[in-house]
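Have a look at the structure below, then the notes.
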Amino acid sequence: MEVKLINYSPEPDRTCAVAALGCHSPKTSGDLIKELTEKKITRVLRETMKRGHLSVVEHASFTFSVSGISRALTHQLVRHRIASYSQQSQRYVKLDSPTFVTPPIVEKDKGTLDEYNEFMKYAWETYGSLLKKGVPAEDARFVLPNATNTSITITMNARELLHFFELRCCMRAQWEIRQMAWIMLEEVKKVAPIIFENAGPPCDNCPEPEFPCEVRNNAKTGKR
Amino acid sequence: MEVKLINYSPEPDRTCAVAALGCHSPKTSGDLIKELTEKKITRVLRETMKRGHLSVVEHASFTFSVSGISRALTHQLVRHRIASYSQQSQRYVKLDSPTFVTPPIVEKDKGTLDEYNEFMKYAWETYGSLLKKGVPAEDARFVLPNATNTSITITMNARELLHFFELRCCMRAQWEIRQMAWIMLEEVKKVAPIIFENAGPPCDNCPEPEFPCEVRNNAKTGKR
Amino acid sequence: MEVKLINYSPEPDRTCAVAALGCHSPKTSGDLIKELTEKKITRVLRETMKRGHLSVVEHASFTFSVSGISRALTHQLVRHRIASYSQQSQRYVKLDSPTFVTPPIVEKDKGTLDEYNEFMKYAWETYGSLLKKGVPAEDARFVLPNATNTSITITMNARELLHFFELRCCMRAQWEIRQMAWIMLEEVKKVAPIIFENAGPPCDNCPEPEFPCEVRNNAKTGKR
Amino acid sequence: MEVKLINYSPEPDRTCAVAALGCHSPKTSGDLIKELTEKKITRVLRETMKRGHLSVVEHASFTFSVSGISRALTHQLVRHRIASYSQQSQRYVKLDSPTFVTPPIVEKDKGTLDEYNEFMKYAWETYGSLLKKGVPAEDARFVLPNATNTSITITMNARELLHFFELRCCMRAQWEIRQMAWIMLEEVKKVAPIIFENAGPPCDNCPEPEFPCEVRNNAKTGKR
């Protein structure tokens, strides 16, 4: 899996802070953007977000290029609707050689892994054979497994990302999308440290406390 | 493929017509809803939609239950973001026996079909074997193909449906989602005949006229 | 203020329960919709919503006709973006006689009320005079006050309504939109009692506990 | 009216071109972003947009700070739902002195202008008097007119902007929002010349050709 932050609105913390301040000030965000100190940015964002006024962090957007992930992941990902996606198309791009994701639990056991790899080889042979028989790529791909690699460009604003991290950094999320979510979170924290300082699963307020969860339990005991 | 319209806002044409009329009238939609004649409903909707004021048809929603479709289809479907989906989860529902969609072009040729079916059998054997080895359903499904059957509940308002039909009833769309779109269109036409009277691909205004297309050409010559 | 529920997807609780159940069942929502008992509907919805899987209640939509409200209210209302609105247009509908909302605090004091009414009379005189001088309605309305009456058709799905009630039934909301929100909540509770059974302000989890609030304090002491 | 582009995703044309290319290429957008020539960016964007695949231009966002506009304008503006807004609040910001927008047609005639200004003076006197009597700002503002100045931070992605320009640069739009739309278009053209090269009203395909319109008629005769 490769996750790159390829673009974002510069100075996300500053941009969102002036948008917030413009709601309660006779000054405009255009005036405020130059004069705001780092200290004030931090204070304004923390107060605003604590009160739940999250619309102000919609003014910063982040674009990721992600590859080496499965279509099982992207089928879940694109359910997040307040976002923009451009995905490699299996209707147009032919996948010559086996290129797929292997779940860690499959990798752990030699026998299981062999069976898995054997299957993948057979899947791509069938795919190639169908193509050769004149079946168009959009139909031949019907044999390609959920594990098949794909790449995608994702754009989300900070508010949607906060929501995404709440759901997908959580232990209840599927391992692969969780792994991607944590890398995305690391990336955006570098460029928008205040907006994302508390991002992640809402362990203190877990909606399924009966779910067995190491992370939450460690959080309770101070380990993480 | 089974497509059922399981619910919708009653009297869609009437509801949207009064919403439209309420914009230009001193009366409220609540007053107008009882007094409007069929004739006036038709006239108001046609005029409003012709002018491109499509927001008024957002007041009617339609809910479908669709099954016997592939996950290749649903991965495309859920890209339509102004809509609501509840889909059968491969993380929780185990698929005991092979259950999948076969493209028409594969069905046409005996040899191709045999190869396809053979592969599907093997895919489900591998899936079952992984489950037996203790691999959780959410990871075992990595071997399941795009062809795998799924079922989904879809809700869209009439405006989004019009947009959906424009894109997905078109010959440029993939055959399976196109087939589903046409059945959906037939269903909603029965209950909202005015809103959907011109729904479908925008052949007269095709954005890819160089694309070889029987339908559009027949449209030009009067055949359809 | 008049708030009428003029349309909604029939059987909202049932529809959303089968959508939820379809995610974890080999059966489709189309099969389930006939066979589900009231008891099961209640159980499924409560469990699903408790876990935060709110997307399932998007399958039910509700349409209101609201009149006798101010444009101050609708300017706030239409900020809720996951919704559909058709509003009486001041560009096209001329408002012959003064028709406006009076805040309760203004009504309490005779002197204040007189001053308010005097102003409104003058505002409509100016509006009428501008129209007579040939100023088009879309420009003459620049003198009309925030208090001016308007009417609007609103459609929201149950998920957005739950969010709307959280924000707008709260004492921190402006009195007029709060009043409207509470009437809307009463109306939808009649037809979707399970979905909306816990709807309203999240007092137990108030994001501004320092805000002076009778309701929340009464909630704490058992009075409401 | 002051319209400033205060932030945007850097290199909008490049970003959207690589997102588009990533759909039909074995390479990822992350690989493509460095190697794409200006020439190829132009060609890819033009082809993609001509085909109506507008989702790729959602990967670029633009943030404006706008002030000196009326609340009549913002009430229309915020109806565009695929966008983010942070607006100066009349609930919290008190407006000490008259500050309002005057329609050009009112300015043309001395008598009309005097009547208009007289009214505005009276409106602010009443507003100030209510505040002094202890009416809170959120209720005192009920007397403030549609003309009242406001400021707002707006973020839209390029796809929504294209749609916004189609509707709001058109002669059928209200003069004030049209004026704002044209300035916004000029600003984004400077930083995303390919994406916005054909932006504006769709005169060649006008949905209301019966509407009397200088611009469209001049367009037909080559004058603009």
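Lettered A, B, C and D in written order, each chain numbered from 1.
Rule of thumb we're sticking to: a contact is a pair of C-beta atoms (placed from the backbone, for glycine too) under 8 Å apart; a residue touches a chain by one contact, two chains touch by 3 or more.
This structure is a prediction, so every number in the text was calculated from the model and none was measured.
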item	value
Same-site or different-site touching of chain A by its copy chain B, using the half cut	same
Distance between the centres, which are taken as Cα means, of chain C and chain B, whole angstrom	30
Distance between chain centroids, defined by C-alpha means - chain A, chain B (Å)	27
Contacts with two or more other chains, residues of chain B listed in rising order	85
Category of the chain touch graph - line, ring, star, complete, other	complete
Residue ranges of chain A in contact with chain B within the complex	70-72, 74-75, 78-79, 81-82, 85, 90-91, 100-103, 105-106, 109, 111-112, 115-116, 119-120, 122-123, 126, 129-130, 133, 135-136, 138-139, 141-147, 174-175
Parts of chain C lying in touch with chain B, wherever the complex brings them together	2, 4, 6-11, 15, 18-20, 22-26, 28-31, 33, 55-56, 58-59, 61, 63, 65-67, 84-89, 92-93, 151-153, 155, 157
Chain A-facing residues of chain C, complex	50-52, 205, 207-208
